[in-house]
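Input: one structure, supplied below.
Residue numbering begins at 1 within each chain, and the chains themselves are lettered A, B, C and D in the order written.
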Amino acid sequence: MTLWHGRFAKSPAKSVREISESISYDKELYEEDINGSKAHVAMLAEQKIIPLSSAKKISSALDQIKKEIENQTFPFSEELEDIHMNIEKALIDRLGGDGAKVHTARSRNDQVNLDTRLYMRKKIRAISENIRELQRSLISKASEYKDVIMPGFTHLQHAQPILFAHHLLAYCEMFERDIDRLEDCLRRVNVMPLGSAALAGTTLPINRKSTAEKLAFPKISENSLDAVADRDFICEFLSALAIFAMHISRLSEDIILWVSQEFSYVSLGDEFCTGSSLMPQKKNPDVAELCRGKTGRLYGNLIHLLTICKGLPLSYNRDLQEDKEPLFDSVKTVEKILAVYPQMIASITCNKRRMLEAASDPGLMATDIAEYLVMKGIPFRNAHKMVGELVKHAEKNATTIDKLALPEIKKIIPAADKDIFNLFSPSASVSKRNLQGGTAPEQISSRLKFWSKKLK
Amino acid sequence: MTLWHGRFAKSPAKSVREISESISYDKELYEEDINGSKAHVAMLAEQKIIPLSSAKKISSALDQIKKEIENQTFPFSEELEDIHMNIEKALIDRLGGDGAKVHTARSRNDQVNLDTRLYMRKKIRAISENIRELQRSLISKASEYKDVIMPGFTHLQHAQPILFAHHLLAYCEMFERDIDRLEDCLRRVNVMPLGSAALAGTTLPINRKSTAEKLAFPKISENSLDAVADRDFICEFLSALAIFAMHISRLSEDIILWVSQEFSYVSLGDEFCTGSSLMPQKKNPDVAELCRGKTGRLYGNLIHLLTICKGLPLSYNRDLQEDKEPLFDSVKTVEKILAVYPQMIASITCNKRRMLEAASDPGLMATDIAEYLVMKGIPFRNAHKMVGELVKHAEKNATTIDKLALPEIKKIIPAADKDIFNLFSPSASVSKRNLQGGTAPEQISSRLKFWSKKLK
Amino acid sequence: MTLWHGRFAKSPAKSVREISESISYDKELYEEDINGSKAHVAMLAEQKIIPLSSAKKISSALDQIKKEIENQTFPFSEELEDIHMNIEKALIDRLGGDGAKVHTARSRNDQVNLDTRLYMRKKIRAISENIRELQRSLISKASEYKDVIMPGFTHLQHAQPILFAHHLLAYCEMFERDIDRLEDCLRRVNVMPLGSAALAGTTLPINRKSTAEKLAFPKISENSLDAVADRDFICEFLSALAIFAMHISRLSEDIILWVSQEFSYVSLGDEFCTGSSLMPQKKNPDVAELCRGKTGRLYGNLIHLLTICKGLPLSYNRDLQEDKEPLFDSVKTVEKILAVYPQMIASITCNKRRMLEAASDPGLMATDIAEYLVMKGIPFRNAHKMVGELVKHAEKNATTIDKLALPEIKKIIPAADKDIFNLFSPSASVSKRNLQGGTAPEQISSRLKFWSKKLK
Amino acid sequence: MTLWHGRFAKSPAKSVREISESISYDKELYEEDINGSKAHVAMLAEQKIIPLSSAKKISSALDQIKKEIENQTFPFSEELEDIHMNIEKALIDRLGGDGAKVHTARSRNDQVNLDTRLYMRKKIRAISENIRELQRSLISKASEYKDVIMPGFTHLQHAQPILFAHHLLAYCEMFERDIDRLEDCLRRVNVMPLGSAALAGTTLPINRKSTAEKLAFPKISENSLDAVADRDFICEFLSALAIFAMHISRLSEDIILWVSQEFSYVSLGDEFCTGSSLMPQKKNPDVAELCRGKTGRLYGNLIHLLTICKGLPLSYNRDLQEDKEPLFDSVKTVEKILAVYPQMIASITCNKRRMLEAASDPGLMATDIAEYLVMKGIPFRNAHKMVGELVKHAEKNATTIDKLALPEIKKIIPAADKDIFNLFSPSASVSKRNLQGGTAPEQISSRLKFWSKKLK
């Protein structure tokens, strides 16, 4: 029999229990539920709403329950629906009347909100730290190969030579914004909802600020209806994680391309690849593929929760119980990605020769020629057009632009001089892009220093 | 050590194992995997690719493994990654060389595809039958209350009187289309992929049609690359289930409205409601809310898989392993909804008096008046305008249109006659909509008969 | 002043008009609206609900209005909200009382539903035919290059040699299922809703079957509430288009990879590429990229409509007006993709030499060796392991398996014979996969014949 | 002929132009494009990359072009693809060689990124201000009806009495978080990308900080690859708007419920409702329904962009052109909602009597009784159970708990005293919830003061 069943003539049907239970997944919140209850009863005792002795008994029983849960000896019951009721029932069974006081001035509506916020606070911090670890692995790999030149791509076509380190650092920037977003989200998560009770607050003389202090919350919620009804802080979190996953999907795509036989730019450690049940020769970048695939999960979880919240009237509706599985699943998925990704990055070996060769096609220096002409006073659009014609001319003659003789070049680009031949070196090309954000070694070195310091 | 590990120097890292294992969820497919293997080895023996004795040994070992899995004595290993490898390894451990023959002419790529199709075939049939059960509950409730009149709503505003049965039958139609969609999907699911091997087919002289017959597949796949690479049959299934969930969300919304204090149209059995941990008086339609909320899950799972598939090159990519969790979750969610919904419908009690009262507002008969004027030769748009003015006139005089005297009415509607007063009865209004699809009792009775026969 | 405004004291605010108008996009339905009205008034006249003379006048005025719309001389008004009211108002302005009869026994709720179904019927047929065109372009290209061998990929790693035609035919299969899905959808679209009126049917003695016949509908809707309230037929259509777009995104990804400098497998006609505003040398596969990107649009439109429908009570709610923009946008996007894709496929030139070279890595024949050993009686899993060791051995000695001497091979694979060296030819490998769905030339030829006949 | 066409032999096909043009929607960015170009050429002149005289000529021609666009006399050409090329071409046509200098040291890749950021900065500020206006309307309405009591709902069931103002203020809190999120997003938007050029930076000696200052950007981008490749700032914005729309969908749902005949809590101004084309009596809350429906659009646009970005390799890919339509559509949709919503809120009239009556059911005070018993020393869970039994007892006797005699009550609740009868007043119940966030008039007044001050 559940604890709320006073007015009911019949128990819920079995199929009802199965659809409405949440203990199978919300036990994840046991630690937060216990910490929340301990702070809550301490406050209740301070306010003389319950005796100090009751609060103390509850508190030590909660510690005991925590141990049992961690040792897997606590007897969870699906009939008791959720983590809150499982723990409250255990308190009552163990402490009798004292245990029956824990739920004073509280509803599951504000309690689960508190637990979720405590859980998210913990996870946001852990995930941010794990993203830092991923950044470290990128910085370390970028430093290891800081002179390696590769083609930069647009449209998956060779565009201009860049440093391999520049490419990896692009992801550092993305992940930095991911952390920023998580921190902004945390400010909105870090608000104490307890005292909102079912929806309207309690009539008992509680002290919400005291509870907040005990749980290290800088703010308390300002509207009890809003506090129990809204899940925007979870939507925002799932959105931040979805964007993070999108970044991972792009890095994974890059890696999958690079390890293909066609690219052969890098190889991954054996321990980050798997083989085939049929084809003995295969070495597949499965981890990168799985991480790319997991984007679907993160996007799906976001839509899952947004859909739930759409069109719900105030305040709490039971639909909101469905917020936890997408939340937990997104967190666990991101944790799995972050457990494996830094090690996989660390296992990368570059095939420098192959990368440089690919970056050495003189066509990649076409922009440099156009900009060289600009410095000779030719309007850029005209310069661009001439270089385009030069490329076409070379192609028609089955050669490349660096192989053309100067007079031949001058026919199309009268302003060209013999110094034009200096432009066909990928390392010269890279070095000349020496502006903030650019690919020149000086810029990349300085940025590597910045990151090394920041990530220390 | 995994079975594919011949060429590798190092084992996968622990974090790699954790992100790449699927045994924690794909054991769901154990029965399909075993049935598939049995058919496969029988065909291999027929074709003399393996000895009949090996096939027989494999087959009985598979039967034994099945029993062990069902008795929960089979030792699953995460290190062996997935259900396929767990079972193959057990065969090898038990049968040695004979067991090592099961994976002949097969890859996990076509094997998992087969298993998924067998699973979906089973589930589509079961879900369709369960939707039929839901339709039965609606028909039964509609028959029980077949004379009850209620307001039909548009924009959640009273529009015209309808039969309560008409409202329930609307959902029968929707669920019928859901079944239709599932059946159409089943045709595309019911295609045998084995023999596609990793991607290009096998060089061994197998007989695909024989395997298909053994597994009761009417068709075999026509392109091996497509067979291992595409998941559109799952996308389609998840979409059909998402649409079904959308229908459930609407029925749930109706029920939630109807049991609100404001509507008080119907009540639900206690066993389909739950109480509050704080407010002793509450009786909440939690099941309807949870089912409405679960729409989020079904939409999320659809986007999950669509996202995975977006932009993948041919043929198999490991991202596709991520197809199973959204599939299983959507199936289980729909099963839970269907386990509880027919019983909840059966528990509905109508508050007939309250419903009729709400349908008795003469404003709801405004369209009937306009159409009555049409039969007197007045163009509809003019009739509509006059009746609008009549409503405004009554409102201004704080009365309702049925309370106006005939001369007063005639000032606005000269063509009105005293028979206009016959129009203000909700039951007359309902009866007059006696066309196919309309709300008249005659129509609804005939439709109830149709459904009773169809659902027998 | 709108036509429904009888009972209102004030006109809608400007901001209200702006948010509620739909004429800016639903004019797309003008033809369907006019055809529907013509059938409707013809039926009304048959049933003596309106005079034949009125019906005739309305019908010719509608023809006139259609011409004006097509000549862009029809004066659309935002104040009149939508296409239905714009046309009805024009009829009244032009015909007076006769025009005021068109909306007899009809509501915008069933009218817009009819228009949408007529529109979708037209578009489903057109899109299916355009997909056929795309299939034709694939078949034609596959025939042109029917002997070209390329590596088949799994995990974007070389797996086994396949025919290029086999790869293109995989997409033919996918597009065939897309057409199938559209046809199944069409059966549910092809249902005549008129007569459902606002929600409950009309009290006037209309003949729904006659209207259905005039508009070539094989079925009429069976529940008026359902007919005006549900949009599942549009959800299903958007889902089928989303799956089609997913297929396009995969083909686009393949093409983008193939034209990269690293792959250099194929090139595209200049007219299907674009250049860079900055880099003169670039030739980018923009069309393939744009088509891949448009997947986002199709997925978004599906979620758009599913979200709208979630949790709406019966019957019509104004939210449903928002169904049309995602519908129109998905249709137009698919039309744009299909206008360009067949031509782009036709412009493909293969770099046969490069493709064959990539397929000639003896590692790709590893499965063939394992299967060769199976035919010598070695259990597959053991064979797989030996070949894996052979691959590792060759790698360690910086060679490839085809370069090893027979005695060296026999140390690892005692059963190997000199005929093993026959296995290292990609064309032999391809030819041996001679089973239905496999990549052997015989199979592909037969399938090309099948398609050519079907698509004639 | 486009401006990038130097190397091409053929012009793009018509169908290619149609799928690749963006001028039909990106003209929205004309102002940003012009402002960006003016700052850019001023910097180029400062750096002596182009002559000052060229910069001046370009600048005044841009002013002229801006005027023409605003007067709709500028001749846009689809063949020129996008807003950037349309403007550059006009400059060249008008200024010759001087115009041909505008695109120096710039690519469309960084240019469009700049334009988008400028556009978003403008829109974020405007939307935030419009949300403030919505908050003002809520505060004003809450102040107007600050004493009105209504039932607070959980599960759409009466839970406890609350102030109507408390309910409206819940939305103020949500909208405040929406503004917060937009401001956080703005920090990440407000970063100057110019100088990133195509992907790797430029070889010309530009001064990025000077450009940033001219355009009032506090930061410049730190990695050119990231700057042109990533769209996370737009994803984040679309997510913030989706969450805002979710809030609007909930407020809309509340309003739709409140104006239903069953609730009759409030009525809306005629000018925010619309009528029916068929039913003359209808007054529908269309604006609220449309706004609820538009949530679908906002969710769809978010998924649209997230899908585009999934799995794209670095750096720029043409898929990203598809970012603008969901961006513009979400902005316009939110603008439309915010144009109409504050006025609609202002038009609300409360039916105080009806609301109070609904809040007066003594069952709503059940929690108060339980908490009253807690103050008498009874453990809450026991108190809760007793009150539950009291409710059941009253129901069985077809009465309500306030109608029971004290001795009857005492049989179930021995601790009850005659002061228990003071608990059955909704206004007493409301007043007792006098804690921060609670529904007591004192709390609500103080919060109204807070908001009035903040929103001044």
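As a convention for this text, a residue touches a chain if its C-beta (ideal position, glycine included) is under 8 Å from a C-beta of that chain, and two chains touch if they have at least 3 such contacts.
All of these numbers come straight from a predicted model, not from anything done at the bench.
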| item | value |
| --- | --- |
| Each chain counted as touching chain A and chain B at once | C, D |
| Pair of chains joined by more contacts [C-beta pairs], A-D or B-D | A-D |
| Distance between the centres, which are taken as Cα means, of chain D and chain A, whole angstrom | 23 |
| Computed distance of Cα centres, chain D from chain B, in Å | 33 |
| Per-residue overlap in chain C, given as positions that touch at least 2 other chains | 3-9, 103, 109, 154-156, 159-160, 197-198, 257, 275-284, 286, 289, 292, 295, 299, 302-303, 306-307, 310-312, 317-318, 367, 384-385, 387-388, 391 |
| Chain D to chain B touching residues, read off their complex | 151, 154-160, 256-257, 259-263, 275-286, 289, 303, 306-307, 310-312, 358, 361, 363-364, 366-367, 369-370, 384-385, 387-388, 390-391 |
| Complex contacts: residues of chain A adjacent to chain B | 2-13, 15-16, 18-20, 84-85, 103, 106-109, 197-198, 269-284, 286-287, 289-297, 299-308, 317-322, 325-326, 336-337, 339-340, 343 |
